[in-house]
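Two complexes, one shared chain (chain A), two partners (chain B, chain C).
Let's look at the complex of A and B:
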């Protein structure tokens, strides 16, 4: 590592977590099933990054790979994962265990299945504190009570003795969040944290995650299939399609001037209040490609309304031809460049 | 939890009532006249009639059942023909011997079975996992009396390491050590089949839960692999395993008939074998009743344990 890179990584605005060219595959040899290709992402200290895409586009696989928690058969086929400059893929399993929880923490989508049904909330919350951080039981219980208070669970002391099935869905999600932040992680990965909840609870949980991120100075990676979820919470968004990043931009830029046809299509499929023109939702035609049967060229070409012959043969690079870096797009056509430019100049006037 | 236990305990009563009816009817269904067995074929008709009268065999069936129940609650299971003792006494003397063997076998089968199943589940598809599958298949397909005979042949006759029958050496005075030496082969024989079933069940239950989200949650919080398996996977896999262990305990009681016969172990099994071969119907009835009641009580204990490991059960 050169001196320049070193200072860049250790500077307060540098990335706390960075994925470089990460690939994830299942199986070995000829039959390897590539589900994530060359994904590069980074999140700075205190920053919130949204990762958006349809089900099966590799969002969760990417994050599990970063935590080295891929299911059996899955492995990282390429790339590096840096947490504060340390490549996690080179750590021993013992060192990696210390990273999990304290370095990177995970909130899964369905808190009912993500909590151990045979252990009380208190027992599972306190487990890493007592067995890996050397806290006494009394200290751990005190800390657990504080954490439950922090995430807004009333009657925390009594709740520690409850089993997961005795709590409501929103409370379970709060408990799961309390567990995730218990070791003061530097990066919090929230994998669809609101999918299993009703709409009112969803916004409460999102606000809670947002508040905790700001109060505790964590970086947040919010994985979702719902662009509406990232809108109020994240600073930047990366859009994934078929295991590849197709567009990354600041959240506001992405919503105002998306440049990839897939991002545009995703935005068009959201219902907006008071928007007469979108009375009918416009779903994206077709299905994402099957990883067993990859599409040649741009993976979105069968569903794209702007497709040109080049799209069917050559995979576009992820590059920014307009802004010089802050808004990279993986598209040959980049059909929304012109409207975006017009919008930018219009805003300047 | 307490209300669950009481509720479950009340369910036992009709089951036990049904068991008494079944054992009573059993004696009615078995062909042959007890008088023939007791008095032999040379007895006079008057003597037989007198015996039938004294045994109450001439009463209507429901009266016989009422008498049977009445005696049952007083602890009177009738008189064993072969042992010339009350059935209750025959069973009581042997119950502890069978229990000793069955408990030793279930402990052996559970401890080794759960350990082997867990060990195999840690690396599914590996050489050791496949090795375990072969051993499981071997133990499952082998009749226990055959295994008993092979063990006797190897350890008793060829290697002369262990005694081949009874509970104490004929010369006597062996004490606990001699008892333990006598227990080794019958315990292994009795445990083998159950051990294989328990190991297989443990393996598949752990593999069912090891991919659960909560396992991933625990891993994502830095919990080590040993704790993952012992504290998270195993307790969640236990309800299925405990059910199988409970069923195996029931099977062990019936399996004891063959094993005790092979090793001349003076338990209920051997007594039942002798009772069946001499048509000692009161003893057969009593033996079946005791085994069935034990089976019901074991199942009750299993359900309570099940509720302990799965807190959701006790709420329902």
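Let's look at the complex of A and C:
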């Protein structure tokens, strides 16, 4: 199956953003450090896609590459990024600036570093409206007030005059979300949007993002290491390991019958409320992958409990062996395929 | 019968706010207000709350790192102030492990040097004996001997946290404060550290104060739970009863907010919604600290501080809420808890 067919099967309404075989590397020549390999993802209009993986798995690098915001030294080594059919990697920097904000918007983890500490919230919100959208100051201020209302910041008009340090962490994240949606983006990328927040605030921010996506018809890409976060708000999930997609499935399917041994192990490793303290947690043995020392074959093989000799020499393809399913897996063994097949055939859900 | 190893009675920690050229004291931050709880020997108390709730200050106060403004702390039958007065005594009893081992380990020293330093400062071992002891410590926390030659930057987050635990164990303390020790680690690795800590507790009869905002981890490791908000205890009791039948709306709000890794439960369970209004520690409100965020707050909550009390004379599981007996409050809290635990 070719990659193009695959992504079409995965998103029935046609993708708004599509990554095909994206690779990201740092450095040149012999010493290139490949952090993302051949990542293909797509998200349909209004759909929420979760990207899950541990630190260093390449989830943030993939999205920075798609936005062409890789830090110095990083470059796209292969692949294409299509926003509504336009390859973003071929655009001029000037055209790309229009895409950021109006096409794709990004919310990052740390609102305090993402916001300018020396500008009021109102001034930094209005800046792109005046400069890129040609609004008047007065119109921009009105729009800012509407946006702050929309993201649930009380007393919006007064808050526009506040500096970032005067707001709580949750309020700052809300302000950042307001800025992200200000140009009506088609795709909102949220990179660990709640990691730095308290648990009660985290839950409110997640539900805010979920509501805005539905109300404004945006596609959402939610990057996180927390499977609990993904469970609440996404339609589909891609699991990344060592810079590669190892499994993509509908959220419900992924949680009920994960197929890649890594996904299964990740789900098993989570502490759950109401567990007895006598039970031991089941962490994944060994260490997370080190991009400086890539493992031959399947990158998960040193930590995998289903490993066979083939896994140590040949990298498995990302493919869907369950006919008619939409659940590609990168595994030679595919040990949990049966329950997944049953779930796919009993598609009455 | 287990006896309390650590006992806090009416402990308060306040910091002065200074202003101007003369550094005059213009106010106080009420970081911890009149809290009491105890930890049985060989057991774990989970201390939960959000940032600014006073949970880390409480942990630091037990190590003498935050001065007590009021109240008493007993450590294994001795008064904390007298332990602090004898130089070098408290560290032999109590140790602390922090969230970020990268910040708490000296980047210029190898792991072996870091561990040997502790042994030498406390006069526990030198020379070859120290070297053997370092190897033993590394083995105890599941690290290979060759890690001793490495610097912290070349270790993974999980390995660094193991080193920080080894350092705390070096002087064989009886009590360890664990302040967000797994929060910075990948989920797949968190379990390794939690299992290690539980093994060490069993084999050495260690007493832990486990401070975290992660309720799932806390439910796994704790015998009892203390829930703090705005520097005060909102609820405390045995783990099972606090999670299954919370008495305080804040506990219920925390349970509502924990992301549950099951799409069906996560999308349909009943939640208790609260407003996010962090209390101002420099100007504490009269009445209940949680009043501004609480969906059940009424007049009395704004004027009178609720005392900690149990339902029907229960003295183990107590909460500070004026309205906890009212049937509709009980109903809402129980329903949320059941939804989160199913």
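Side notes on the structure shown:
In the analysis below, the second predicted complex is superposed on the first by the 315 of 349 C-alpha atoms of A that agree within 3 Å, B and C clash if a C-alpha of one lies under 4 Å from a C-alpha of the other, contacts with A are read in each partner's own complex, and residues count from 1 in each chain.
The criterion applied here is as follows: a contact is a pair of C-beta atoms (placed from the backbone, for glycine too) under 8 Å apart; a residue touches a chain by one contact, two chains touch by 3 or more.
Predicted model only: the values in this text are computed from it and were never measured.
After superposition onto chain A, partners chain B and chain C are found to sit side by side with no clash. Annotation: apex chain A, arms to chain B and chain C, angle 70° (C-alpha centres, rounded to a multiple of 10). Once the two complexes are laid over each other on the shared chain, residue contacts for A:80 go to neither chain B nor chain C. Looking at the shared chain after the overlay, A:288 reaches chain C, while chain B stays out of its contact range. Contacts of A:229 after superposition: chain C is touched, whereas chain B is not reached. Once chain A of one complex is fitted onto chain A of the other, the partner contacts of A:163 are limited to chain B, with no touch recorded for chain C.
By the touch criterion defined above, A:105 lies against chain B but remains apart from chain C after alignment on the C-alpha atoms of chain A.
For the pair chain B and chain C, the least inter-chain C-alpha distance in the overlaid model is 6 Å.
Residues of chain C that touch chain A in their complex: 44, 50-51, 156-159, 186-192, 194-195, 198, 213-217, 219-223, 239, 243-244, 253-264, 266-267, 271, 274, 276, 278, 340-341. Contacts from chain A toward chain B in the complex involve residues 64, 67, 69, 71-72, 93, 97-102, 104-106, 108, 110, 113-119, 124, 127-128, 131-132, 163, 165, 176, 179-180, 182-183. Of all residues in chain A, only 54-55, 168-170, 198-204, 206, 225-229, 231-232, 251-252, 255, 265-267, 269-275, 277, 279-285, 287-288 touch chain C in the complex they form.
Here chain B touches chain A in the complex through residues 124, 211-214, 216-225, 227, 231-232, 235-236, 309-312, 315, going by the rule given at the top.
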